[in-house]
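Consider the two complexes below, in which chain A is the common component and chain B and chain C are the respective partners.
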Partner chain A sequence: MILRRLIGFNLLSAVVLGIVGFYVGWWLGNLDTSSNLAYFADTGQNDVALFTAYLTCILGFLTGLGFLKYPINRMLGKPASLREKETSGSSRYFGLCTDHKVVGLQYLIGIGVFVAIGGINAMLIRIELLNPTAETISANNYLTIVGLHGTLMMGMMTSGILGPFANYLVPIMIGARRMAFPRIEALTFWLLMLAGVLLMTTLSYGGFPTGWTGYAPLNIEANMGIDSYLVFFVLVGVSMCLLGLNMLATVITMRAPGLTWGKLPIFVWGVVATSVLMLLAAPVLFSTLIMVALDRTAQTSFFNTQLGGSSYLYENLFWIFGHPEVYILALPGMGIVLEIIVVFSRKPLWGYRLAVAGMLGIALMSWLVWQHHLFVSGINADLRPFYMLSTELVSLPTGFIFVCALGTLWRGRIRLEVPMLFALGWLFNFLIGGLSGVFLSDVPSDVTTHGSFFSMAHFHYTIMGGLLFSFFAAIYFWVPKMTGYAINQRWAKVHFWVMFIAFNSTFGPLLVIGFLGMPRRTVTYAGYLQGANTWVSISAFVLGASMLVFIANFVWSLVFARVPAGSNPWGSKSIEWQLPSPVPVENFAELPTLDGDPYPYGDANDATPVTSAQIGPPA
Partner chain B sequence: MRQHHHAWRIAGLTIVGTAIALPLVLFVLGPNMPPGNSSEGASAQVRDNTVLLVVLTPFTVFILAYLAYAIAAFRLADGDATQDGPGIRGHMPSQIAWLAATTAAVLFLAAFGTVELYASNGAGGGSGSDPIARPSGKVFQVQVIGQQWEFTYRYPSYGGVETAELVLPVNQEIEFHVTSLDVTHSFWAYELGVKADANPGVDNLAFVTATKTGSFQIRCAELCGLWHGYMFDTGRVVDSATFATWIATQQQQFADIKKYLPPYAPTYSPDPPARAG
Partner chain C sequence: MSSPAGSGSLYHVVEREPPEVMARNLRIAARLFASAMVFAFIAFLFAFFYLRALDASAVWQPATVKPSLALGSAAMLILVAAAIMIRLGLRDHRAERRPAWRIKGAIALALLILFIVVQFVSWTTQAFGPSDGPYASVFFGWTALLTLFVVGLTYWLETTLATSIRYRNQGAQAAIDPGHASGDAHRTAPDIDSPVALVRPAIEAVTTFSTAVAGVGIVTWIVLYLLPA
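Moving on to the complex of A and B:
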């Protein structure tokens, strides 16, 4: 039985076939280009071979996991295997599994690992910046570390909420048993993990010097290490696009009877808004990066100015993806924060329609602002007032979310449990993020802050202070539901306070350092910034230490202590909390009717959205 | 009736907080905002930053006061955790007031920023090759050429002399022409409040009038490869007599190497175009 597990379609065979595929592709690619030695003889690099190797590696990996089994069996007229639908056993977590709850947990751990690697990169950056010149880390390695940090964090945390929490919770919240496309759901996870591993292989090819934005024409002249970056983001883009598609299809088609759009939990609205952006923005990303790959291999010149291309074209395309991307990062966090404030204020969501309008408004506005990343680039200079206006207009829908959060707190019965602490921390951090964003949106002010540590600190306030705080809020809030085990609250509070204080102590001064003239991504800085940088580095190390507290507490609580969480530790009235913890395989004994209020707090009849008779565990 | 007390207290906190914060912002923080007053563009930025701070202060104070008050006043110490708060689902007057206040602030900031942008000829930012907002009078042209990993400068009004150091005459409207020979760089003269991307094949203009003599930092602000972190320099603003002496020396030194350089042009293209290592 164990042997059968090992030789079947699982992670092990996927890794073996992936490695075999890589070398087969490498050989094929060299075979293809060996007749044209002049192409790479002068540079010692062969991008064609590397891209072929990555392609065959991806194919081998997916074959090994068993993604081809279903379509091939069905094409041959054979019955589909039910192995991927297994309902128990920990081996489900190491292979293709179509249970949305397994995929959610896979995502949580998988993304967690890569975010930890990204965090280690951040620590290395701050170690180097203890000195105003490159001393601990060489200039080349520094750029690779900066690039890996940015690329990993952006690529992985794009699915940081939708991957673990939306996959797990959206089917439950809408009263369904699964996602619309369960195999695609599994595919998005495994593509993301493979992408992360392939990005790491950049270290074998000299790293890449472009940061996460990969500007042209630097991305064309860079050495082979950038091919890993391109393949990573293409895979992430495909994964994002499919994830968004799957979420939209699920929410549109699989809602329980009675669950009209006006009764969706606000988290699901956040997921819907995010999914629209994912579905529409990700294709821009991966087609742009495939164009870069063609520039590097097939000698096209989309972005090579000296051969008739345009570096502006790359900047435009990248930010047409890139700005919706930052709202892809922010929107699901807003949904989480509102859900959590509701539960810990024991009040209905204040201004439900306003919150939905805010989310959809942000999703719409995010398409109209991208050239604020190019205010000093010289592109369309006379359109700058328009982009200034559109960028500042984004603060209106964002303000809706804020006022809904504040209104929900109004005369609530506020409990400062750990998820609530993180939600309130989100409010504070995102406020600073938004305020600093106003300076960047104002063209005269942006001239100085553009490309400086100010803009870096600004987006860390919105992404780390926003997304990551909501990510932790969601972990402390829902992981007891997902695993059935409680997380130690005392250490969770230690984690929050250390993280909150160290975060602000790190990025607050970085706002100032940026204003004082320190550009991003430089391994050197002016001597007068030494003191401030030392302070920031030490704060960053404390911030890193708070993550260790989290990891230790998380592992201890879930693996060793294993205190049962109970089905509803927070006293929430949302539907997922009316189910047992962890949620049974089929979610519901019979599909519920969800025609009640999603937030039935403070009402006379004290109703929950469904009656407990309807949502017991499967018989 | 009780909720009115809460509302008045939050309003009071906001008013008191704003009354304390605004003078500090207006008279202490604002005038000292970077990048200082070494040029007209830089002064315009300081003015902008001050106005932004002033507009943002009441909102910030309100949200922080509200959060602090809500946590302090509505926190459930030892009460029954399963009992609900009031079932309030919204309050149209507050929603409309919030929308009106934020919309007014945003429209004001956008209008102010636009006026300021045009009044200061782009406030020192890269404005492309043919911007509407440009000085009406006579300008002194200086070309900035970015390449991996240094900036060089050419002065077209002095026969296209190319220098390794940037020296500018004081109180003269400078028209920077920023371009690149290889990848995208960004020319950032911090104290002058100038930042303009150097794109290959693009002539990116930025306008500045330095109002004080002295030195200023120059950094590359766009990731441009291996030695990006070392692509920095120090420029000088000098009076016109010093500038005349300096440029004469440069022209003398330049005479010998002039024949090896391409003639002055808005952009340059290496020949033959090749894939770099």
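Moving on to the complex of A and C:
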């Protein structure tokens, strides 16, 4: 029985077949004895072999998980079906499972592991920067660590909210039993996990020197370590495109009767805006990285200036994806914050339509600003005013979100529970991120601060201060619903305060250090900046310690203490909180009708959002 | 407190989903996927016009780099013909002329395979390779990506056609054995009520996507073959 389980379609089989696939591909790739790149001929480098190995590794991994079984059945004419391994006990967490709630929890743990690795990289960076000379880590290794940190964080956290929380909650919030395409939902998760593992293999091939942006010409000149980066982002791109498609199809077609667009929970609107960006931006990334891979293997000349290409072309294409990517990271956090502020202010969301307009406005504007990343990289001077203006205009729809949050807080019955603390922390941090962003969108000040620690600090204020704080807000708010167990609130508050103070103590001074002229991605720096850098490093270590507090509390609460959370510990009126904790596999005994106000808080408007439904467990 | 999600629940407690739900999903997904595909080609379109305008080393398209207009035109026409054939097949299916749909679907499938063959012939017979300058780079990258999407379309059409042929003697309400669709032996009931009824929405979705692919094929032909160097 145990043997039968071990050799079935599961994670173990996937790992074994993935490794076998890798070596088969490596062998096949090396059959091509002719050197694929003339200028790499002396190095013994064979990018064709490595790309082939990665490709066959991916195929082997997906085969082991059972992802090829259904497509082959469909080729034989067997009709479509929806569900797979939803009732197979705890083993469903280690393989292909089509239950959206299982996939949500898989995402939460899987992404958490890789973000932790990214965080360890950040600690290594700060250890090195304790000293202005390259003493602890060599320059090459330092660049690889910086690249791994950025790439892991950006790639994984792209799905940081949609993966765990949208997958788990959106079908419930719209009154559906499932996502539109459950197998695709599972596929997006496993592709992302495999991407993370393959990125780690870069260490076996010398790392990569480009940071997370992978700029040309470094990306075509670097050693084979960059191939891992390319494969990682291609897989992330495919995963996020499919995730966005699935989310959009689900929200468009599977809403319960009565749930019109004007009644969608604001978190779902955040997911919709994000999904549009994911669906359309990720293919641009995919194509761009394919071009890089062709430059490295087939000697094409997209980005090779000597052969008629242009490295500036890469920068343009990357940021056509890259700037929407920034909002892919930020938008779902806005939805979470508004969703939480409503519950802990006991007030309806102020300016619901304004908030929706803000999210959609940000999504639209994000396509029109990408060249502000290239203000000092050779942009035509006549184009600068347009991109400066369009970038500064993004603050308008972003301001809508802040106005709605503050309007909801105004005269609310505010409870400073842990999710609310993180939501308020988000407001503070994102405000600093937004204000510092104005300096970077403005051409004269950008010329001074571009490529410095100022832009890095701004970026961390928006992404870490924005996304990660909303991520933790969501964890403390919804994980009791997802698992059925409460998280210890006292230690959660310790986590919040240490994290909030250490975060600002880390990145606030970095804004100043950037203004003082310290460039990013350099292992050495001027001696007079050592004092400030030491302060930042110590703050960063405290920030890292706050994550240990979180992990310890999370594991203790959910694995050892296991205190039942109850079905609605926060007194929320959203539909997910009317279900038992954790939610049963079918979600609803009967599909509900949702034609009420999504936020029926306050004395005058206190109706339940579910007007005709049975939302208990099935009989 | 209830038990953890899934444990103790069997499929038969889940109401069987009416096929209309999945039909709507298929239709909207085809449109969304077509949009995503277009954005993948926008990157190549951007690269084409950017490198063509830049021509930094005056090597954009050397005189020897001339793809065969005949093969390019043939590929484009085959793609358009396949899309038209799928659309005509959909019309037949809507008019309950199912044998006619299957014939047109099979012809479209053959045409798509022919496109892939023609594309391979084009790559292997022309007098330049991917390393012969920026135009050649865009040409190979773009056409390779198009071929990748055509392979995907071919697969999608084949699955639709195969289901249609397998259940050719049964109506839309044909009974499907539990577990038949996915091979799950433990399944106690099909999770989609009459899944054969999904054939028509699948044809509609394939039609939408094939039209988009044909549109990209026409743009490919204009940009890569007709625009002057």
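Observations
Methods note: the second predicted complex is superposed on the first by the 595 of 619 C-alpha atoms of A that agree within 3 Å, B and C clash if a C-alpha of one lies under 4 Å from a C-alpha of the other, contacts with A are read in each partner's own complex, and residues count from 1 in each chain.
Keep this in mind: a residue touches a chain if its C-beta (ideal position, glycine included) is under 8 Å from a C-beta of that chain, and two chains touch if they have at least 3 such contacts.
Keep in mind that what you see is a predicted model, and the values were worked out from it rather than measured.
Contacts of A:R126 after superposition: neither chain B nor chain C is touched. Residue contacts after overlaying the shared chain place A:P385 against chain B, while chain C stays out of touching range. Touching more residues of chain A than its counterpart among chain B and chain C is B. Within the superposed three-chain model, A:F181 lies in touch with chain C and out of touch with chain B [touch as defined at top]. In the superposition on chain A, no contact is made by A:H149 with either chain B or chain C. Using the contact criterion defined above for the overlaid structures, shared-chain residue A:F302 touches chain C, although it does not reach chain B. Look at A:Y70: by the touch rule set out above, it reaches chain C but stays clear of chain B. The residues of chain A shared by its contacts with chain B and with chain C are 305-307, 310.
The touching residues of chain A, when paired with chain C in their complex, are 69-71, 73-89, 92, 99, 101-102, 177, 180-181, 241, 245, 248-250, 252-254, 279-284, 286-288, 290-291, 294-295, 298-302, 305-310, 313, 316-317, 320, 484, 564, 566-567, 580-586, 590-591, 617-618.
Only residues 3, 6, 33-35, 41, 44-45, 48-49, 52, 56, 60, 63-64, 66-67, 70-71, 74-76, 79, 81-91, 94-95, 98-99, 102-103, 106, 109-110, 113-114, 116-117, 120, 122-129, 131-133, 178, 182-184, 186, 188, 190, 193-197, 199-202, 204-206, 217, 219-230, 232, 269-270, 273, 275-277 of chain B touch chain A when the two sit together in their complex. Every residue of chain A that touches chain B in the complex is listed here, in rising order: 42-43, 134, 139-140, 142-143, 209-211, 213, 215-218, 220-223, 304-307, 310-312, 315, 345-354, 374-382, 384-385, 388-389, 392-393, 395-396, 399-400, 402-403, 406-407, 409-416, 424, 427-428, 431, 435, 438-439, 441-448, 450-452, 515-517, 519-524, 526, 571, 601-603, 606. Taken together, the chain C residues at the contact with chain A in this complex read 1-7, 9-11, 13-15, 17, 21-22, 24-25, 28-29, 32-33, 35-37, 39-44, 46-47, 50-51, 54-60, 130-131, 133-134, 136-138, 140-141, 145, 155, 158-159, 162-167, 176, 180-184, 186-187, 190-192, 195-196, 198, 202.
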